[in-house]
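Each of the two complexes below includes subunit A, the first together with subunit B, the second together with subunit C.
Presenting the complex of A and B:
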């Protein structure tokens, strides 16, 4: 598991107060976090600030997993 | 003081010379006819002789304002199959909301938007009427209108152009992407970024500072540094009216309203 994925999983679990110990890189973050569209925007802001990146929404179209999200983050750093 | 009863989508209060306009219409303070009428009443109630500053904020955890009430717009369009009547209704609403936004923009008070969470579309346009934008780190700004086949119609384009460079305006409008509070601060839109949940405290402190100054000097300064782009506002109104009655917009609204997807923005 990459450093980005690990940080992402930890940050997401903490943000939404969910036990992230069972999350895997392939977990669907919408499902495991149980978030809605407004909360997904909160997560996006949190990610951008934590990783010091800017991610246009359209780059996340179809991205469902932590590893997919981590790839987008790493591509923008 | 209050602008309306318990069912009102907003409340106006006056404390120590500072007006506070609390937006409180779930899910995220969508601007339809009830919010428009409540804003009109609140503006009628505002007395510059009593209050020298105005703070606009949302008491909902979801955010500041998600913009136009698209569900009401869609239902209204469905209920008005005749194209000329639909055009007239859209035109009336747009004319009224522009009057509200222009009144807010030109108030002889120092106006401060305290923003958190979603600040999209018409909500972004409402914030852009204010003199000072204070945002917490959860705030997110977006003009998603092109996704629906329309352009911002509450005066957002000329007001965004007034505040930031055209490159940013084009990026936000033509991609419909959102930006966070830090980015908004970096481009000069947000003047104060604060920790999560601290936007109202910071806005109130800003208002208390603003009301200390000489009234004539403050009003003169505001009028000088914040010109109203009336010609462009009129042009934007006409663009919105022309685009919004097209069948493609009705189709996009239908898709939005009927969607059960939790990820419409991702």
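Presenting the complex of A and C:
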């Protein structure tokens, strides 16, 4: 698991107060975090702070897994 | 508002607007805290004319179709306005759909030109784009070295000669898809007359003042934002504010910075705003919470008959300040609005107009006029529109039928579907309701097998079924709206249910697990909530179609909703 994915999973669990120990890179973050698309935008804001990147909302289109989201982050760093 | 009665088309009405309000600010585009663009009405006119001229230069003629896939931003409106002036039939598509879903709709609509924002083109180019073979693609904001395939850059279009194309009232102005991304596409043919009639009625009920600001955050392809955040606001000489991100931390400061007076929301966003406000209030001292509560009571009393923005924003200044202090109308639609949610905001002095509409009937069929505020109904029918409750039961609940000047012409290339939906000039909505003594419509369920999500998306179970094709060990299956099996009166948190019959002698465990995995591949709003195993043969017609109503009745009789949804929740 890449460093980005690891940090992302930890950050997401903390943000939505969910135990993230069983999450895998392929986990569907909407499902395991129990969030909707509005909340996923809140997660994006946290990510920007944590990783010091700027990610436009549209980058979330079609992204469902932690590994997919990590890729978006890495592409922008 | 401008007089629309003498006008023949939407393009002409909006042309009058840009000629009338010349120096007013028409469009403001903000990205996070930065203002990216600002256009006066004269500048909007010039940009739209340039685009219309370029379209003509590429052989675009009246009645050609212009599809738009863009997030909310200035170029959406510039493109649409230029398109209307070039005589286009607009095909606004949802930018939130997946690339393959967009391509399916493009294949159906066959637009001559597709205007698309770069990130969405990038996604399309990863798919099989044969649907675009006969379509000229124009991309906005593509980075200099980006791969844009055969697309032309919006910024580098060569302006052709601009000639305003006049359209007749009965001509189609837009094809708006109400569903059908994976099933039968439902492209509603809305005429210029439909739009002008709707604008006239809503403009009278909820007039804007010149210079007021509408915050456009619902996708502009959606009927509500198209009407309010494009057509109406311009007819009143107001300004449209677009924020490129929809994150709450940027929305509220934008409302403050630009003095937003009007906003349209889907119920899910209204709920999210309420949660945020409640969380912030919970953090306050007990005496502060009591004070807010008392002031809200006072405001409720003072605005019993009609809203009073000035009074409310003075009484509850700190809360109103969060929304910029000038907000005087929240329109909530696209899905069912919870009464307590709307009442929460009205109590705090934010008028919430609760209404009912469907793309097939323009934008709004009925709406509460706020005199007085009501959230226990979806309002009385708007002027010129008739509502009837057909096949009512003993409680007066039946299917809502609509007739009026905003009802669409029909569905694109679907005469059978049109015939089933529009009967003798009446539109069958498929929604169940009753009309109370004061003529207000109350919605109480659905007669049709579908759901509307809190985010305002229509989801037809039949459209989801393709995702479950190929389930191993399954004889047959189908998807239902839970409310279709167990008729309920609530339209909140509607759910989908997959029903499957395992092959004889097969265990259900494997297909169940497989169905759950497939479910996760679907978009969040398309997922089924539960998978039910049914061991009897599905009833079918002579042509082997599943008799859905009969099967739903059988399922409903043998299983209670609670049992089914609790025991087998995915």
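Keep this in mind: the second predicted complex is superposed on the first by the 77 of 77 C-alpha atoms of A that agree within 3 Å, B and C clash if a C-alpha of one lies under 4 Å from a C-alpha of the other, contacts with A are read in each partner's own complex, and residues count from 1 in each chain.
Note that a residue touches a chain if its C-beta (ideal position, glycine included) is under 8 Å from a C-beta of that chain, and two chains touch if they have at least 3 such contacts.
Predicted model, so just to flag it, every value in this text is computed and none were measured.
Contacts of A:22 after superposition: neither subunit B nor subunit C is touched. Contacts of A:63 after superposition: subunit B is touched, whereas subunit C is not reached. In the superposed model, A:49 lies in contact with subunit B only, and not with subunit C. Overlaid on A, the two complexes show subunit B and subunit C touching the same residues of subunit A, namely 30, 36-38, 41-42, 44-45, 56-58, 61.
Across the interface of their complex, subunit A is touched by residues 28, 62-63, 117-118, 137-140, 142, 175-183, 261-266 of subunit B.
Interface residues of subunit C, counted against subunit A in their complex, comprise 71, 95-96, 98-99, 117, 119-120, 123, 244-249, 268-269, 272, 455, 520, 524. Of all residues in subunit A, only 30, 35-38, 40-42, 44-45, 48-49, 54, 56-58, 60-61, 63 touch subunit B in the complex they form. Listed in rising order, the residues of subunit A touching subunit C in the complex are 28, 30-31, 36-38, 41-42, 44-45, 56-59, 61-62.
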